[in-house]
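Presented below are the structures under discussion, each in the form of structure tokens.
Each of the next two complexes has chain A plus one more chain, namely chain B in the first and chain C in the second.
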Partner chain A sequence: MEEVIFGSNIMQLFIALILVSTFMILGSTRLYSCVRAFGIQSFLLASVAGVVALSTGKIDIYIVAILTLAIKSILIPYIFIYIIREIKVKREIALYVGISPSLIIGGILVVISYYLIRSINVITDLSSFALSASMSLVSIGLFIMISRKKAIMQMLGILIMENGLFLGAISLTNGMPLLVELGIFFDVLIGVLIMGILIFRINKTFETIDTDMLKNLIG
Partner chain B sequence: MISQIIISFFQIIIILALAPLLSGIIKKIKAFFQIRKGASVFQPYYDIAKLLRKDSVVSENVSWIFHAAPVISFAAVLTAGLIVPVFISDMPFSFAGDLIAVIYLFALARFFTALASLDAGSSFGGMGGSREMFVASMVEPALMLSIFAVALNVGSTNLSQISQIVSAMGLSAISPYHLLAFVAFFIIAIAETGRIPVDNPATHLELTMIHEAMILEYSGKQLAIVELGAMVKQLLVFSLLANIFFPWGIANDVGFVNMAIALIVFLIKIIVLGALMAIVETSTAKWRLFRLPDLLSVSLMLSFLSIVSFIIVKGG
Partner chain C sequence: MIEYLLLAPLLTSILCFFTRTKKQVETISVLGSIITLLLGLLLVVDVYKYEVIVTWQNALFADAFSAYIVLIVSIVGFVASLYSVGYMGHEHKHGVIDDKKLRLYYSLFHIFMFTMLLVGVTNNLGLWIAIEMTTLVSALLMILYSRKSSIEAAWKYMIICTVGITFALFGTILTYFAAVNILGETGDALNWTSLIAVADQFDPTIMKLAFIFILIGYGTKAGLAPMHTWLPDAHSEAPTPVSALLSGVLLNCAMYGIIRFYTVASKSTGEAFTSNLLIIFGLLSLGIAVPFILLQEDYKRLLAYSSVEHMGIIALGIGFGGVYGIFGAILHMFNHAMTKSLMFFGAGNILLKHDTKEIFNVSGVVKSMPVTGAMFVVGTLAITGSPPFSIFISEFTILASGFSQGHIVAAVLFLLFIIMIFAGFFNNVSRMAFGNPKPGIEKGDMGRWTLVAMGILMVFIIVLGVYIPTPFYEMIMRVVEIVR
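Let's look at the complex of A and B:
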């Protein structure tokens, strides 16, 4: 059954588009366009879940798809935009690694995750594209957390990692039990809220959300 | 044999006839989005006709390169036009070269335009030439990679075969690698035809122009040839985009009805692509030159990803 779903053309298209949106985040220098690309990515993820739900007919996965749509692609971007607007942060994101090098590193990460997935060799061609895409999402999310200075981008990075895990979970298990998914969604939402509050505090204390400044001692 | 010669002639005539029209249509659509009335879609024809009636003014310091460059560039682009499928997929000259030949013919045209821009010794010409080469150094690898992604899928680098096989595959040809390569190629097409985030075709503001700066020294008949060459190249890039990535409707064999339908379908495709280009042009601002590597490396990475995902999906 899984073979049929994840080998299908439409699924692969969605997964390819998820990768494109990840590279949109890597390639843009504006906070708003990063957030927008994250919204698109989550929307595509919800579509992936929707396709799985359609083909398996499980009611649980429908709920998961709708929750993904509501929370990840609408609510969380809205919270992001609220934070950006409230703390009046500069729209440009500051980088440790330039745009072109980060894109190239992103490409290398995709290749590495493909080889990692292939070397696991548990599931052969069952959903290797979805799995390696999820692995690359996790690693690119981690890379975004490392290479961006703004605290908001680090928040975004961890959410991209979470999206990658979601894609991996849904492609491996064809949808986890609803209870687990609900727990994860609640965690993510609360995590975003806490991180948002943390960013407000960082901004209040240091008057910047540049994490570079956090290293300085304040007497 | 004779029918093939006729087809080749017909193709060249079609390309020459449609190229200014495409330019005019894009300008008109752009004007529509900017709530202007805009010039007639036939304006590029009038411009070229006007330029052809005028004499050229040539600096006395230039060498033969300056005179040869427009002709060589134009000939190179037209030769590429014999290989790129436009309305019929089985090109008579497809034995003579594949997509690599097309890319190098474009490169030849670009090389001579850049040489000519240096020849007159004006500062703007040199600036335009160096910028053009800077952009080209990033466009060409991405262009190759993105077409290779499709070629890998089809199993041939021959453009005629690519468009035949993809059109035979029908909608099942739409796959992740196809899509990624299409997005990559679209970004390249923006750069290759000198459109807004990369170059502004409408400007004569010295500091921002690339192509215009290179041909600043040309006038009269030579300018007409250069302009027409640029328009033909734009049409060819569009038809590459149309006939490699969605060649459905192209005529696969010789036949009057087939070819007539294919021509109409082709017109619709390039007008849609032109409208897309116009939307991109109106909704973005011209980028700073040193930000261009970012855009072009997105394209490079997408075409790279497309090849990688081909390998992943096919389980190489």
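Let's look at the complex of A and C:
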């Protein structure tokens, strides 16, 4: 049954668009466009969950889809925009790795993920498409965390990784049990709030949110 | 039973938040932690009677291993709340924190206790949720002092541990996938009890991948090298009572996650795979701790690196396997929790007195603070594994099992590393403890609350060094049965 779901054209379209939105984040130097792209990515993720819910008819997955829509594509981007406004950071992202190398590395990561998932070879062809997209999201999220200077971008990187895992979970098993999913949503939301508090503190004490400044504790 | 145990710290936390005076908040905090301790002990007795307790639609559960973790959390939590009265009281008196922050501290402290107890009693791989919650709460505790260094430490802690924990989530999803293939899509497919029963039918390729992700993920949280980089920062910058909880208890909670998965994964992949991974990470942690302990200049970081070392020892014990290896590792969790908390409390008293964390700027502690100094020195002997203290017993058991299970090279390296760590650690501490106090340091100890807290821990360290009471022994043996 899963093959039917993940083989459908609409599903492949959504997953491809999720990858595109990830590259929008990689290729942008403006904080707002990154946050917008993240919002789009989460919206697409909610759509994936919605398609799975429609075809399986399970109420649990409907709830998960709605929560994804509400929390990840509306609430969290809103929190981001609030933070950016309040701390009045420069809207440009400082980079350790330039835009074009970033995009190339992103492409390489997608290819590697695809071959890695293929080599495990325990999953059917069609859901492995979703799974390799999920691996790509995780690795690109990690790459964004280490290649961008602003603390906000590290926070965004973690959320991209989390989105990737969500895609992986829903493509492998139609999502975890509802209680566990709810717990994960709760943790993600609280995590975003607390990272927000930390960013405010960093901004207040160091007068910047560039993580260059956080290099005093060593040895 | 389990519900009440979880409710106690939550209620205490809410009450702490809404009190007025310093006296009230301290009383509520100590009373709350006593109640938590008593409920924890009751749970231990219940588990002793019924073997396994399950409530709340299967979401909460307790077997001997859970009860053991609950026991460690509630004992150290109780002692740390006593110590907090002295330590935070001193900070409050000297204007480092105000009334509002003190209330915030105590209410976060008890929420932190709640999340750690939750780690012990969650019935399924949703353990992930509880472990992530501990990160969130403790990051807030770390930024209680708005110092530059503590904010830096909290940010690193938050980022590194969240990424680590994300990997663990991936491992969890893979395990669930393996389970769903056998059990079908039920809510039960994540529960320990149903997992263990069918674990031998899981696909080994998936379980290998899952265990690697889990080990890296929870290993980050447990401070196993080379994912330990956040640990010295976080443990040295947190308020001292919290440092004790982080080092003594939280690391054990993460280790608990690894051990639970070890049991599930070993059934499908075979013990050799999981054990070897644990031995490699264990030895790496020990090895990396050596130079940092030898050349350390900051005494709270010294203790933090020693935690990396001890987590490595626990991983080694599980990796060596056999009844004795696992017995030693489980016992070591308890011993390390008690001893490391004692050391952090001692370090906290020294910090309050000298207002510096530099080893070179502290000397003559035994003369200026006789009781703290004496316990700090004894604690040092205990933590480095000298007889006749408790850690010696567990380290020796692990070492013996290393030789008897045929891991000769690993066991020899282990011995070599702990000898070097003993030398480095003792050298650093003796510089602080002996000699004459620095000019301007008044004589006198830090107040009775801190000393009572240290005294209680001292009892555990000395008693368990010479004799393990039968009920405690039986409890550990039951845990060993669960882990194997």
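Rule of thumb we're sticking to: the second predicted complex is superposed on the first by the 213 of 219 C-alpha atoms of A that agree within 3 Å, B and C clash if a C-alpha of one lies under 4 Å from a C-alpha of the other, contacts with A are read in each partner's own complex, and residues count from 1 in each chain.
Assume a contact is a pair of C-beta atoms (placed from the backbone, for glycine too) under 8 Å apart; a residue touches a chain by one contact, two chains touch by 3 or more.
Because the structure is predicted, anything quoted here is derived from the model rather than measured.
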Simultaneous placement of chain C and chain B on chain A, clash or fit: fit
First, second, both or neither for A:Val111, with chain B first and chain C second: first
Inter-chain angle, chain B to chain C through the CA centre of chain A, in degrees rounded to a multiple of 10: 160
Touching partner for A:Arg201 - first (chain B), second (chain C), both, neither: second
Touched partner set for A:Leu103, first chain B, second chain C, both or neither: first
Which of chain B and chain C A:Gln12 touches, first, second, both or neither: first
Touched partner set for A:Val138, first chain B, second chain C, both or neither: second
Touch count on chain A, higher of chain B and chain C: C
CA minimum distance (chain B, chain C), superposed complexes, angstrom: 20
Chain A-touching residues of chain B, taken from the complex the two chains share: 172, 174-177, 179-180, 183, 293-294, 297-298, 300-302, 304-305, 308-309, 311-313, 315
Touch list for chain A against partner chain B, complex: 9, 12-13, 15-17, 19-20, 23, 27, 29, 99-100, 103-104, 106-107, 110-111, 114, 124-125, 128-129, 132
In the complex, chain A residues that touch chain C: 120, 122, 138, 142, 145, 151, 154, 158, 161-162, 165, 168-169, 172-174, 176-180, 183-184, 186-187, 190-191, 194-195, 197-198, 201-202, 204-206, 211, 214, 216-217, 219
Residues of chain C defined as touching chain A within the complex: 59, 124-126, 128-129, 132-133, 136, 139-140, 143, 146-149, 151-156, 158-159, 162-163, 166, 169-170, 173-174, 176-177, 180, 185, 187, 189-190, 203, 205-206, 209, 232-233, 237, 292, 295-297, 301
